[in-house]
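Each of the next two complexes has subunit A plus one other chain: subunit B in the first, subunit C in the second.
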Partner chain A sequence: MPTDLHFSLMIPELVVLGSAVLVLLLDAVLHGGGPRPGEEDPRDTTLALSVVGCVVAAAWIPAVLWNIEGPRSSFNGLFVADRFSLFFKLVVLVGAALSLLLSDSWLRRRRLSSGAAHALVLFATSGMMYMVSAGDMVTLFLGLEVMSIPVYCLAALLRWEDRSVEAGVKYLVLGAFATAIMLFGFALLYGYQGLVGGVATTQLEPLQTTLMANAEALPLYARAGGLLVLIGLLFKISAAPFHMWTPDVYEGAPLPFVAFMSVAVKATAAAVLLRVFGGPLLAVLGLDGMLWVVAAFTMVVGNFMALVQDNVKRMLAYSSIAHGGYILVGVLAGSAEAQAGVLYYALAYTVGNVAAFAVLVYLSRQGHEAERFSDLQGLGARHPLVGGVMVLAMLSLTGIPPLVGFFGKFVIFKAAVAQGYVGLTILALLTSAVSFAYYLRPVIALFMRPTVGCEVAVIPVNRRVALCMGLTSLAICALGVFSESYLGWLSSAVLALAG
Partner chain B sequence: MDSLPLLTIVTFLPLVGGLLLFAVPKGAEGAVRWVALATAVLGFVVSLPLLGYDGVAAGMQFAENYAWIPTWGLTWHLGIDGISVWLVMLTTFLGPIVILGAWDSVSRRHTEFFFHLLALQTAMLGAFVAQNLAVFYVFWELMLIPMFFLIGIWGGKERLYATLKFVLYTVFGSMLMLVAIFYLYWLHHEQAVAGLLGPAAALSPWSLEFTDLYRVQMGADVQAWLFLAFALAFAVKVPMFPLHTWLPDAHVQAPTAGSVVLAGVLLKMGTYGFLRLGMPLFPAAVAEWAWVILVLAVVGIVYGALVAMIQPDMKKLVAYSSVSHMGYIMLGIFVLNPQGVEGGILQMLNHGISTGALFLLVGVLYDRTHTRRIWDFGGLAKVMPIYTTVFIVVALSSAGLPGTNGFVGEFLTLLGAFQWGHEAFAQTGSFWSSYGYVVVAATGVVLGAVYLLWMIERVFFGPILQSRWLGLKDLSAREGLVFAPLLLMIFWMGLYPKPFIDKMEPTVEAWIEQIRAGEKKAASLPQGFGSPANPSGELHSRLAASGDAQSEGSEGGGD
Partner chain C sequence: MPLDHLLIVAFVLFVVGAAGVMVRRNLIVVLMSIELMLNAVNLAFVSFSRQMVDHDGQVMVLMIFVVAAVEVAIGMAILVNMYRQKRSLSVDVFHSMRG
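Then we have the complex of A and B:
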């Protein structure tokens, strides 16, 4: 019987879950099918509720939980609300709120009910929040499932479109495989903990302690357990060679929800990687060499495959793979500084990527998705501000200073070099030089190519998407230059991880 | 004046003006141009106080140092010395000229065009005044973006190919340099923590200050690797043979204004990088590998000149002449004596003025005729006498005619190279590895005269081949205003270069002294000092621990 029941630590999760349930109910009550004459559009209500839920949950974190006195773990260590998890919850919530803003106009144009979609985003978000707070393999697994299943549904949201269904099914099948592999790893580690550690527990900390204490004589099955868990997480972060699902899912899934999964799922996976394998454990399990190869392979595959894509969504999928590779370099380097770098990078990647997707959503219009490079042609001259946001997003993802993406790379590779990963850093930066060639393609299409077709449909002003673009652009410009103002938070978050 | 952050103002003024352009209501292209011009003129005026740089005292002046990201040791540290003051002045001087030159030739998207020009100016100025490697790198990379747009939007037919080639070449160099920067950054940290760099550095071990990094101790082999990484980045930008192939493409495709900035200032970034970073950071590597740079420099001189000779396109001819001229600059800098280095720096300014003017002149002709092929022309002197005169004066200054700026720079460079050869001959006794460089380089002077004069003959003299050229207008008043300051500078620097040399001389001498001292110091360090396995020499101290007790903070295995 757990003695420590601190529900107050879970308030953000409960708020998100509560708003998800409310959204579902409201959607049913308010005729989710669409507005009737003389009625308020129910989609506005569910959107407002979802966004407010995310914002309240996010605001609660710095306002209350960050500086809370007293215990930070609850339910016998199943749930840990340390600063590390709080940081990632913020990132995930920001990603979710921005994607919700994006999804609205997109759903409206397709005459889709928005309640279900919004609720799915919220459920997935709560799953991610439990995942990053997991102090225990069971919580971790439950969070993973709560995250994954709504995301599969979101991928298959357009159930009458083959592409979307394919994306959903592919993600589901491969995701289920990865989950099973990970679960098998948990089982092995649990067995090891029971046999060697003495106490059969699913908690992560005792397990890590046992593994570290017996670093000299780890049996093969314990190493194998670690390897299988790692593979499951590498699948979620879409590291090569476990990346095959990413481009297909990104291509088929609805645009705004691709934005959501590309940033939130990746940030969550990075957080769990750090939580489970942070510090010297990776080397103890003998997995550092493998992660080196995976990181290198991921950066090469991501950056080179992105070069040959015609579809912007596929290009962004490969780009997200490449960024996963950079994050893995930080995980591999493993020092406190490198871990802080991973946090920084997750933030930088989130704002850059959401900005890029926001532009794509903005430029999509009735019957005309902005998906291929040719769909973007010539639009920059007509919509210079929107094009400007795309330029900022691409330059930040490329790593042009003084945008936030550059500082993300700066802090990760600074730490990697300090840990002796000079070769990997050279590879990383050379592949990121390659990335210029494809990140500049949307910019070229927007500004340097003539418009296709005789006339461009006028794209109506969309305030919500514009708000999202404004916020992310501001973040891209300011987060890097004013890094000093929050670097302290990052190091205190990482400190929680160490002890 | 002390409290006024003059360099920050000079740097950011163009960008602020560029952003103001977007506030100009649509359809008022005239107003956009005027705002841009006013910004650039104001930028030049604001930079004039920098000429108050005290030439007698070498070292950084007008320095500003503010905390930026202290956790990482990044400071907003700006300053200029006798070298960068001239490059800053060159940049602000060319600013209004470029905008005035592009007055009528931009046909669409005026606001963006002038914005990118002004943003580019900010980026270049920032790189020249930066005293912190992070600040330098920010501006160094930022420079790419406006140029990418200038070529990509307002360029010629093959503009996308040219602009991507420009970006990718530069970026591959920069990324290797970035790795080297991270490495140096870490090495400074390790050595500062180990107490090798003195008590002040130990307090803030993470630092990217130029002056802090100059003191990092490395064996010659470690220096060679890092020098390679930095040198690649700078050599692409210069561009040095054989990394120059992006330049002709970029120049031919770029709009006139883009070409002028590219040739006038952007290329100087490469040679400035060698002066400020590549050489003082890695003096031992310079001593060991200077011959490679020198060989590539003289090859570039002759190769550029020979290829320029056979170009049918005037702009491409000028572009290849740039390759040749940049070779002189590299030669002058790497012979490491006062004449050579001063000649190299003067040549940087000369090349900025003369080649910038040549690109402007080609642009003037292109605006009128829409062709740049040499064989389309002939006898233009009869219809455009003033234009012809200006063109010939500028071309001759580029070829190094005595009395013009080009002569002073080339003469000093060759003199420096000769002296260097003289000393090398005394040591090695081999003619080709000593005097050989200056002999080959001097042939470049002759070749330079050949390709320029031959072009002048074909374009301006002889019969007028096509009747459509009969009605060509001569220089307008606006164009006269563009070229007048350039001509003034050509003769001023040609006839009375003393003020320029006086201001840079103490800096140059101190700079050479610094490199010589660094070279000696590095020579006293064992191989592998500063390598990843042995960042602060503990390995060597342990090996040499037999007896000679080393006090704390000593030079590791060195002294």
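Then we have the complex of A and C:
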């Protein structure tokens, strides 16, 4: 058996994993509970190490791996470092680094040890990076679990708080349930590949080839396998009707880590959906009709349920469900343009959503979390710049040109129409219009309502959160304005389509 | 043993586990049901693997063993915290958030 072990292809993953381990060790050595008088705060060290780990890994991708010569797959096809996966790794790393910046002040205010939380974020990030690079069921499954298990812990991080533990339990039970469903699908597909394809293997590519070659006469168990895998992935991307856990988890989990979960887990799930079901495979398995219904249902449920929330975190949870629906439209369309659209959308959603969460983190203070719309009242007048970031984030999430969110939707919808999904696109446009109503609510609360009570809110300047807000705002504007060249760059990252 | 019989057992185990997740109220039993589903998956993988004389499926089973153990460890840790707060492990005590 030939072996090809190109460890150089997974340098970003190894950097992230290494910094996670170092952060854990440092946290133990430097007693991360808090600073002793006269000593440097150990939390600065772990934060710096985690962010540097993410930045180095992210910088390595465009600097070295993007244009690498030679083989892009390694470990006998277990690990694929094509541009598609590299782009999603960038998105995940950006999300992780920004959430780490956000989490710092939030954790400090609650006197929490930050090392463990930072290490969990890094471990989850490495899992996501392996998952988007998976060329095999084994890598896919292990990546999924390395991603999910730290995220369950992050959801339950505030172990003395009712809601946080509840979020952890719900996420764990439903996440494990979804994984079991997906694994049974994999077992059936593995059997199909061995019995029909002739070569028994857990690799994805031979399986896809076999499925495409026998498109006319697929046995029931192969279709069932595809269906189960799809359901497992739809749980992860929180598509309706598999979305029940999302609002509760987002409401209960710690604010900065909700930002991480919502953007990074969703981007990863979208990448895996595209890799496993890319191109005509959905139609071959007879799942395109089901995905049509799921996408439509997801957009309707997400957007309309978001209208009636009075908690900003829950509103953003439903909005994240809705954005999952738009991503599914792109997955369903499946063409190269649609894939480029999904890639674009993943980053657009990441920067928009992280900006919104950054504002919430900034406006939260001791004993006063910015959770409900009423908590935001009147703060825009006092902090116009912070309010401005929220306006920008909301406009981008709604899809107002020339911000990045608009072009994400535009590219996906255009590709969907080109593939003949006109009805679904009209529904997507209508629900987008609805989304304007709830994205306006935080803006109205910030700028057009008087402050509650006579208490004067003095919010100290927080440099790290401000940096995060600045970077995301810049990205929202810049990626939108330069969308042409950015899209051109992305089109080199789409997957080659089977068939 | 023919492949069909093994797969039928795996399928029945899987359905029993899935039903357990949805019907049972105690979270420990829910976690046990998830384990049952994972064991059904393992059975399916090894049966196919034996039928086709291939090792890939068995490697997958080993991975699933490890991950299942990790999941239980994390699950128990979270459930202990839940019990400390609520003095109950039933899903019925979840109402601090609208379901």
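Heads up, the rule we're going with is that the second predicted complex is superposed on the first by the 492 of 499 C-alpha atoms of A that agree within 3 Å, B and C clash if a C-alpha of one lies under 4 Å from a C-alpha of the other, contacts with A are read in each partner's own complex, and residues count from 1 in each chain.
By definition in this document, a residue touches a chain if its C-beta (ideal position, glycine included) is under 8 Å from a C-beta of that chain, and two chains touch if they have at least 3 such contacts.
Source: prediction; values computed, not measured.
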{"item": "First (subunit B), second (subunit C), both or neither touched by A:188", "value": "second"}
{"item": "Subunit B versus subunit C as contact partner of A:440, first or second or both or neither", "value": "first"}
{"item": "Touched partner set for A:414, first subunit B, second subunit C, both or neither", "value": "first"}
{"item": "Partner chain in contact with A:153 - subunit B first, subunit C second, else both or neither", "value": "second"}
{"item": "Residue contacts on subunit A - larger count, subunit B or subunit C", "value": "C"}
{"item": "Which superposed partner A:400 touches (first subunit B, second subunit C, both, neither)", "value": "first"}
{"item": "First, second, both or neither for A:14, with subunit B first and subunit C second", "value": "neither"}
{"item": "Subunit A residues within the subunit B interface of the complex", "value": "381, 384, 395, 400-402, 406, 410-411, 413-414, 416-418, 420, 422, 425-426, 429-430, 432-433, 436-437, 440, 444, 447-448, 483-484, 487-488"}
{"item": "Partner subunit A, residues of subunit B touching it in the complex", "value": "67-72, 109, 112, 137-138, 141-142, 144-145, 148-149, 152-153, 159-160, 164, 167-168, 171-172, 174-176, 178-179, 182-183, 185-186, 189, 532"}
{"item": "Subunit C-facing residues of subunit A, complex", "value": "137-138, 141-142, 145, 149, 152-153, 156, 159-160, 162-163, 165-166, 168-170, 172-173, 176-177, 180-181, 183-184, 186-188, 190-191, 194-195, 200-202, 244, 247-248, 251-252"}
{"item": "Contacting residues of subunit C [partner subunit A, same complex]", "value": "7, 10, 14, 17-18, 21, 27, 30-31, 34, 37-38, 40-41, 44-45, 47-49, 51-54, 56-57, 59-60, 63-64, 67, 70-71, 74-75, 78-79, 81-82, 85-86, 94, 96-99"}
